[in-house]
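Across the two complexes that follow, subunit A remains constant while its partner is subunit B and subsequently subunit C.
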Partner chain A sequence: MTETLFEKIWNSHVVVERENEPSLIYIDRHLIHEVTSPQAFDGLRANNRDVRRRDLTVATIDHNVPTTDRSLPMIDETSSTQIKTLEKNCKDFGIKLFGINDPNQGIVHVIGPQLGITLPGSTIVCGDSHTSTQGAFGAFAFGIGTSEVEHTLATQTLWLEKPKTFEILATGKRKNPFAVTSKDIILSIIKQIGTDGGTGHVLEYHGDAISDLSMEQRMTICNMSIEAGSRAGLIAPDEKTFDYLNNRKYTPTNYDELVDYWKSNLMSDTNSKFDKSFTIDVDKIEPQVSWGTNPAMVSDVTGKIPTPEEFGQNNEIQIESAKKALLYMDLKPDTPIVEIPVDRVFIGSCTNARLEDLKDAAEIVNGKTVNSHVGAMVVPGSQMVKLEAEKLGLDKIFKDANFEWRESGCSMCLGMNPDILKPGERCASTSNRNFEGRQGSGGRTHLVSPVMAAASAIAGHFVDVREFC
Partner chain B sequence: MIGNVIKYERDNIDTDVIIPGTYLKIHDYNELATHAMEGLDPEFPSKVKDGDFIVAGKNFGCGSSREHAPIALSTCGIKAVIATSFARIFYRNSVDGAFLLPIEVDDETYRKIANSDQLEINIEKNEIKNITKNETYAMKPFSEIIAKIIAAGGLFKYKK
Partner chain C sequence: MKPFTKIVSIITPFDKANVDTDQIIPKQFLKLITKSGFGKFLFYDWRFDHDGQKKNDFILNDPTYNDSQILITNENFGCGSSREHAVWALKDFGFNVIISPSFADIFYSNCFKNGVLPIILDIEKIKKLLLYKDKIELDLNSQKITFGDESINFEIDSHRKIRLLEGLDDIDLTLKEDEKIEYFEKNSSRISIFE
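What follows is the complex of A and B.
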């Protein structure tokens, strides 16, 4: 019988399986951050339970951290309390923490792979929906709620209903692989399958257009799989995967042996059956810009804001939601995308704040200056990314162009720290969600790739980055 | 289970409007609840009554894995969200922690239920009675697994 990659990973982690019951699945890696864990530790204490596998559990602080000078005391008391709570919980339960001043601190989904904690074929959870990022390494990686964080801490297992499988075949070659990025591929996919197209499914990406991508680009694809409603994104590991994970801080000592095993096991069998399939030809993809308030409301940069009727295509509810989105975004139908001005530019988040993202953005910015009406910032995904970028002199390029160069964290992706939009401000953002108020109450988010964000910072409005390169 | 409807005629009501990120720092659930639905309807905490139901379109609860979303609604007194579909993490969080019932209905039922209608939800019969309009609708039955978890009062109690 043929099996998909997901089914292979699932089957190798089943502890208990009974008919019409959820299955008990073993969890190989549990990542923790300060926001979704405090009540889980409260629950452990209340029930007098311990952490079952502290050696498989790793914590960092990313959502709340200030991205400005961290030698200064934190102004926000509730954030400070939440950070101290995680520090205390990790100390009390003996969990490894990459704290606020640790050289390995960073966004949890960025540091997992960088430290070699993320491994092919493994099950990875975190109380964070963008855990799906790590599916780029051929891991079943998914977000969970706080009750499940507690369950994982206590048992190193989770009760799960088996998700269905969804094949995304990406064919062809991008016409301009510098300007048309993996962000544009995933936004194009979400535009077509919708924000609930993947509900209840694990998306498995394959095809030449996926093999072509670097590991960091693949992470962007898997990261945003959750925006299509799916449980997780998955890409079979290959040589690029094995090279990336070699010689990292926590790469297992028997790595070569593992690679041999992964090479012969971690792929979907030929002719394996998926519950759903979708094919996208990347030849035709242009740089994308979101115009609405969910990640399926996206247009080509050469296009215009659609009318609600064009967007909704006879679906009354969709037409209505497009009207509400345009009202919130203060945009009029038929406006060319390139005529939309931007107030702020945010290059950061678990979607697009890795070294390649910053290198590509810096290439656009080099020798130019941010438009005088625009406030622009770069927030590296981790301290490791920041250090590597500084070694390459990227910080200087950005700072010379009037970008702010910050410390690592989630920052303006979700506005939990002081990095937020003011009401009415319009932002070109490399993050993953353009929901109302996501980047600050009344803020207007346009999702774009790092090179598109960089180009719009220079121009002061959206611009086709292909004109810059 | 009888309650009144607070209806939002929207698809994709996401976790960032249910409980905006800035409030995820709050540890106390009662305080968290004072910000429920703030991104969409700041009046919500003052108008919601214990036992009320939210009615909305498809993909309710999309976005983040924050369990704070069903918790904030449940702490306000919301006993069920009736929607044409749910994002799965929200659905799991709602059921696992027994915070509220996520009930799926078809588009026609969604259209028929109006704001302030009084409903009676009967999960044994998979039926929703609209007391105000004297109509009865079918709800999508819970899967066998979900029904067992709900009956037990949450996943962890069910598996004890």
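What follows is the complex of A and C.
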């Protein structure tokens, strides 16, 4: 019988399986952060339970942290309390924490792969929906709620109903691979399958256009699987995957042996059956810009804001959503995307703040200056990314162009720290969600790639980055 | 968790699609380290204006629905962030049942962990329910919603139903499988992060 990659991973992690019931699945890696864990630790204490496998558990602080000078005291007391609570919980329960001043601190989904904690064929959870990022390494990686965080801490397992499988075949070759990025591929996919197209499914991406991508680009694709409704995205590991994870801080000592095993086991069998399929030809993809308040409301950069009717295509719910979105975004149908001005530019988040993202953005910015009406910032995905970027002199390029160069964290992707938009401000953002108020109450988010964000910062409005290259 | 009992309540109609958890509980309220007290922040940016005053045209500010325990909403409810705070806020506000044509996966799963029943119903049935303004009766045991002389049935996974009805603690149940977990660990050793 043929099996998909997901089915192979699932089958190798089943602890308990009974007919017509959820299965008990073993969890290989549990990553923790300050926002979704305090109540889980409280639950353990209240029931006198311990952490079952501290050797499979690590924590970092990313959501709340200030991205400004960390030698200064934190102004926000509630954030500070949440951070101190995680520090105490990790100490009490013996969990390894990459704390606020640790050189390995960073956004949890960025440091997992960077430290070699993420491994192919494993099951990975974190109380954060963008855990799907790590599926780029051929792992079943998915976000969980706080009750499941507590459950994983106590039992190292989760009860799960087996998701269905959804094949995303990406064919062709991008015409301009610098300007048309993996962000544009995933936004195009979400635009077509919708924000709930993947609900109940694990997305497995494959095809020449996926193999062609670097690991960092693949992470951007898997990261936004959740924006298509999928708890997890998956890409079979290949030489690029094995090279990336080699010689990292926590790469297992028997790595070569593991790679041999992964090479012969971690792929979907030929002719394996998926519950759903979708094919996208990347030849035709242009740089993308979101215009609405969900990640399926996306346009080609050469396009115009659609009318609600064009967007909704006879679906009344969608038409209504588009009307509300245009009102919130203060945009009128038929406005060319390139005529939309931006007030702020945010290059950051678990979607697009790895080294390659910053390198590409810096290439656009080099020798230019941010438009005087725009406030622009770069927030590296981790302190390791920051350090590597500084070694390459990228910080200087950004700062010379009037970008702010910050410490790492989730920052303005969700605005839990002081990095937020003011009401009415319009932001070109490399993050993943353009929901109402996501980056600050009343703020207006347009999702774009790092090169598109960089070009918009210089121009003061959206531009076709292909004209910058 | 308290066992889920029969519910008699009017319905709060909430005609929005793709409601994300950022709307249900905005990020500025995720900094609490307890599970209680989130109800007052539910749908904060939709319920209150920038000065913190209630917006009168928002349905949850209509006193008619003050005691309602049932929210009926549109497709893909609870999408986005995995924050369980969204369910804590809905529950704390008074909602024990959420009815929608579809839910986002993580939100759906989070509901059951907190004694909130998410019911998937097709649009036609939802439209019928929305016409009814009096109290409806919802019985999880018989999987039936009764309104006036009419009734409709709903589907729910039997396993989840039992856990809700009996108010069972997931971790307690799992710890009963401890031997199997140990057996799994012995037979396929997991790769420790810190060798």
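Everything that follows uses one rule, which is that the second predicted complex is superposed on the first by the 469 of 469 C-alpha atoms of A that agree within 3 Å, B and C clash if a C-alpha of one lies under 4 Å from a C-alpha of the other, contacts with A are read in each partner's own complex, and residues count from 1 in each chain.
One rule holds in what follows: a contact is a pair of C-beta atoms (placed from the backbone, for glycine too) under 8 Å apart; a residue touches a chain by one contact, two chains touch by 3 or more.
Owing to the predicted nature of the structure, the values given are computational and were not obtained by experimental measurement.
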{"item": "Superposition on subunit A - do subunit B and subunit C clash or fit", "value": "clash"}
{"item": "Partner, of subunit C and subunit B, that touches more residues belonging to subunit A", "value": "C"}
{"item": "Subunit B versus subunit C as contact partner of A:Asn294, first or second or both or neither", "value": "both"}
{"item": "Partner chain(s) touched by A:Lys96 [first = subunit B, second = subunit C, both, neither]", "value": "second"}
{"item": "Which of subunit B and subunit C A:Ile317 touches, first, second, both or neither", "value": "both"}
{"item": "Contacts of A:Leu355 with subunit B and subunit C, given as first, second, both or neither", "value": "neither"}
{"item": "Subunit B versus subunit C as contact partner of A:Leu56, first or second or both or neither", "value": "second"}
{"item": "Subunit B/subunit C common contact set on subunit A", "value": "20-22, 35-36, 38-39, 63-64, 76, 78-79, 81-82, 85, 127-129, 143-148, 151, 159, 161, 195-196, 199-200, 229, 231, 294, 317-318, 320-321, 414-416, 433, 435-438, 441"}
{"item": "Contacting residues of subunit A [partner subunit B, same complex]", "value": "20-22, 35-36, 38-39, 63-64, 76, 78-79, 81-82, 85, 127-129, 131, 143-148, 151, 159, 161, 195-196, 199-200, 229, 231, 293-294, 317-318, 320-321, 324, 414-416, 420, 433, 435-438, 441"}
{"item": "Of subunit A, residues touching subunit C in the complex", "value": "12, 15-16, 20-22, 24, 26, 28-29, 35-36, 38-39, 42-43, 47, 49, 53, 55-58, 63-64, 76, 78-79, 81-82, 85, 96, 117, 119, 122, 127-129, 143-148, 150-151, 154-157, 159, 161, 163, 195-196, 199-200, 226, 229-231, 250, 252-253, 258, 294, 317-318, 320-321, 414-416, 423, 433, 435-438, 441-442"}
{"item": "Complex contact set, residues of subunit C against subunit A", "value": "17-18, 20, 22-23, 26-28, 30-35, 45, 50, 74-76, 79-85, 87, 102-106, 109-110, 113-114, 157-159, 170-171, 174-175, 177, 180-181, 184-185, 188, 190-195"}
{"item": "In the complex with subunit A, residue positions of subunit B that touch it", "value": "9-12, 14, 16-17, 20-22, 24-27, 39-40, 57-59, 62-68, 85, 87-89, 92-93, 96-97, 107, 143-145, 154-156, 159"}
